[in-house]
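Pasting the structures here.
Note that chain A is present in both complexes that follow, paired respectively with chain B and with chain C.
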Partner chain A sequence: MTSTITPDMSAPVAISVEEQQFNDLIEADSRIEPRDWMPEGYRKSLVRQISQHAHSEIIGMQPESNWITRAPSLKRKAILMAKVQDEAGHGLYLYSAAQTLGATRDDMTDALIAGKARYSSIFNYPTPSWADMGSIGWLVDGAAICNQVPLCRASYGPYGRAMVRICKEESFHQRQGFEILLELMQGTDEQRQMAQDSVNRWYWPALMMFGPPDDDSPNSAQSMAWKIKRHSNDELRQRFVNMLVPQAAVLGVTLPDPDLHFNEETQQWDLGEIDWTEFHEVLAGRGPNNAQRLQRRRDAHEDGAWVREAAAAYARKQSARTEEMAAS
Partner chain B sequence: MTDDTVNIDSAEADADNHGHVAVDVTTLDAELIEGPSVATADIAEYALWLGDDSLILAQQLGAWISRAPELEEDVALGNVGLDLIGHARSLLHYAGTATNRSEDDLAYWRTEPDFRSLHIVEQPNGDFAHTIARQFIVSHYLFELYSRLRASADATLAAIAAKAVKEVDYHRDHSKQWVLRLTQGTDESRRRMVTALSDLWPYVEEIFRDDPLIERLEGIAVRPSSLRPAFDAAIAPVLAEAELEIPRGFVASGGGRTGKHSEHLAFLLAEMQVLTRAHPGASW
Partner chain C sequence: MTTPGDSAAEIWPLWEVFVRSNRGLSHVHVGSLHAPDETLAVRNARDLYTRRSEGVSVWVVPAAAITTSDPDAKGAFFESPAGKNYRHASYYSKSEGVKHL
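And now, the complex of A and B:
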């Protein structure tokens, strides 16, 4: 049903009652729920963003799960197991949120395994040392939190609510990463070296997690208008660096940016030039571990196919049995 | 949490009510740290038996995370592994009080002959059916063990058992559900489950074998042989529903409690201990 709301000639585009209601909800900072009408573009944009986020959680388990079996103390082993397991849980909430928009888990999984879906490029970097467990928590989860906390207020209800839960856990993840690095920096020369080397490797890729600069970010403007996204990439990146500098001082690590300096005028930390060539290379599939990450996900999926088939067959038999019993 | 400002301090405030990483994952139970109890040599040896079983099994389950057949199982196997590592830490901590060693001294600085684990927990993950068969057997044993150990005359062991029994009850149910799904799912899953049970069954007998140590710990330890009837009675209805027969065939000679281990343990320890041993004296 289409009604012309404003007969004014200066507004030539007729918009439906539903679309007007949608716009009003967005305007009023209310939540859009699964049964509400929404523009196709809004739905698509959300499915893209939520599924990418879910995939990132799932692929993101790999660089850390590398160290579960080699964690250097039982306490660290327990924390790391719990953390990687949380990530599987985040993947599950997010896939569920995407499912409320009509996406299916099978389609999303197939797209990931076929290499057609995106996930955060940061997980295509390797974790050769234990200190990388610290850097991933402090820098990668730290950047993720800056990105994600505003998403708790995302206009789509199921996404916002999933993010509230995820953010609570992520802040613990960041804390444990910081603690790993702190412990290393207070340790032997070799441990300090391990920590600094790891921070050197993860710092720039973590800054790139906020995405390209604002003037080169094709999807940002629409997402911000729809209040899926609340702050620009550059704004969030700046906020992150401002947060990192004093924490790096506490740790005693150097951030590998010779041009980093405090700007008295803006009261912010100005950073040096980011090498976007590397970002685009990794994004284009030419990072250190892209192939390995996908292969491992595919192997787990294919090796587990017989288990999922068995569970599905068992469930069908059980429900047939229940129906039989109800009928007799 | 709707505030956009996030820093380490607010992260700390959230640490108590986050998801799976419960505070008791990071710190040992208060009664175990503050308690004045120091284990005797025999009790320490017994705590080592039980602690090593949990540690080795937790190490194996940890290797599944990010490789499970479905995400729900990454979470579930992770949960079971986390519970077991919690039990291992409490038991090894207590064992260490006898010789002034920490849980990590015991986990990372002992060599193979000093480990006390049963062969069944040393058996490799195999396919998912093998992991489930191993878990099914061990969880049913541990449930009976901890149920009885709650009445131990040793207060620390009793406290550890009281906490562990509730968790192991869940592990028992999880593995039982999978035994049923796999045996009654598809032809392939049934074939794999039957194979797995027959591959693991040779290691069951060792679990229930008594050792001279047990004679010296009357009222404190649980006599392994006394658990066998309850174990058999608990698994019988599941096997019946699954239409599985108890495999008859090999019986492995075992010897884990006296330091004679399967060929698998050395590889597992090499991986588990590699980083720690490269940095003697370091703290993590």
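And now, the complex of A and C:
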């Protein structure tokens, strides 16, 4: 029942009224809402995707928070704090969306800190220079926007609505990153070198954010049939590179791909081979910072336990007092 | 009827958040959050949903306090207006061309 939504006409399978209603809603490009009936596979797929997405936002705070105390000016520090706060907010919107599907916040958090849940492999790369704040905004958030804009139309209502809010905020992230790089590129030779070095390190991992190539992406077809996903990984990656090339020209940086060239026939930028071994290594937990990111998340969760307990105790006390007052 | 996201397995209760974007407009549902009590729910709602001047007023409502129509009965429950197009101004066409009607 969960493996296909298009009944095989040669061997008609009786499907339930609810399943028919679900199929009709998907077919009509309408939205599925939390209390609607949905196939188990659809629910599982969404919980997996939305919680991974939420974890990425939460872990994504770390590479940037690294620079808050070292931002080059008070203005940059304020901007960076606002951005990191946004990432926390994005994580919360998404956790809430996953919770409408029956996943609990505790289970999701536990899976993350136990190292059982995945998050975007991009956040396992280090941020050794200030220019990395620029590259993260321009390349990483840029790739995220490319991925996320079509998700605003995802067939699951709460996910789509969360994405609308997130996309609005991401455009600030991308622009501030671009501006950091632009300022460095207009600075000294040393600053230009710092910007270029950072772009060299982030370019390929950013392209990997779109996921494995289409012929190696087992969940894609079903996700597209369910209209959770609207475009294939390769299609979005291509769209992103087409946007990047003219932006890189404005910045005056070089994209570290000697094979990148304009294809007159397709009117697109053809890119060189992506090192998928690196992608799979990082995904498997063997990236430069995987262990550190998880350890930090685990510590934060444990260090914050007393705050959660105190808030719960206070709430219990308050409600007991209210009841007492009502009774007297 | 339980509210989606509200589960006995959650430590903190779920709150639905409504934001009035400007004077003269209604509060509109923007999303939900978890918080131990109403005071923290309002503060959390401010931080989560109004970081860019999205609102001048925030409501939080315990999700458990919301009563909803039965989703399985949506056809029957909302059936009554069907066939009653005389409730719409567009039903009355004879006045076409007459001004201010």
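List of remarks:
By our rule, the second predicted complex is superposed on the first by the 317 of 328 C-alpha atoms of A that agree within 3 Å, B and C clash if a C-alpha of one lies under 4 Å from a C-alpha of the other, contacts with A are read in each partner's own complex, and residues count from 1 in each chain.
What we mean here is this: contacts are C-beta pairs under 8 Å (C-beta built on N, C-alpha and C of every residue); 3 or more make two chains touch, one makes a residue touch a chain.
Being a predicted model, the structure only gives us computed values, none of them experimental.
In the overlay built on the shared chain, the residue A:Q247 is in contact with chain B alone; chain C does not reach it. When the two complexes are overlaid on their common chain A, residue A:L92 makes contact with chain B and with chain C alike.
Once chain A of one complex is fitted onto chain A of the other, the partner contacts of A:P34 are limited to chain C, with no touch recorded for chain B.
When the shared chain is aligned, chain B and chain C each come close enough to touch A:Y314. Of the two partner chains placed by the overlay, only chain C lies in contact with A:A162; chain B stays clear of it.
In the superposition on chain A, chain A positions 82, 85-86, 89, 92, 165, 169, 308, 311-312, 314 are in contact with chain B in one complex as well as with chain C in the other. By the touch criterion stated above, chain A contacts chain B in their complex at residues 58, 61-62, 65, 68-79, 81-86, 88-89, 91-92, 95, 130, 145-146, 149-150, 152-153, 164-165, 167-169, 171-176, 178, 180, 183-184, 187-188, 190-191, 230-231, 239, 243, 247, 296, 299-300, 303-314, 317.
On the chain C side of its complex with chain A, the touching residues are 1, 4-5, 7, 9-12, 14, 31-34, 36-37, 40, 47-48, 51-52, 68, 71.
Within the complex, the chain B residues that touch chain A are 1-4, 6-8, 10-12, 14-15, 17-22, 25-26, 55, 58-59, 62-63, 65-75, 78-79, 81-82, 85-86, 88-89, 92, 103-104, 107-108, 127-128, 180-182, 184-186, 188-189, 192, 271-272, 274-276, 279, 281-284. Remark: chain A residues 33-36, 82, 85-86, 89, 92-93, 96, 99-102, 104-107, 158, 161-162, 165, 169, 308, 311-312, 314-315, 318-319 touch chain C in the complex.
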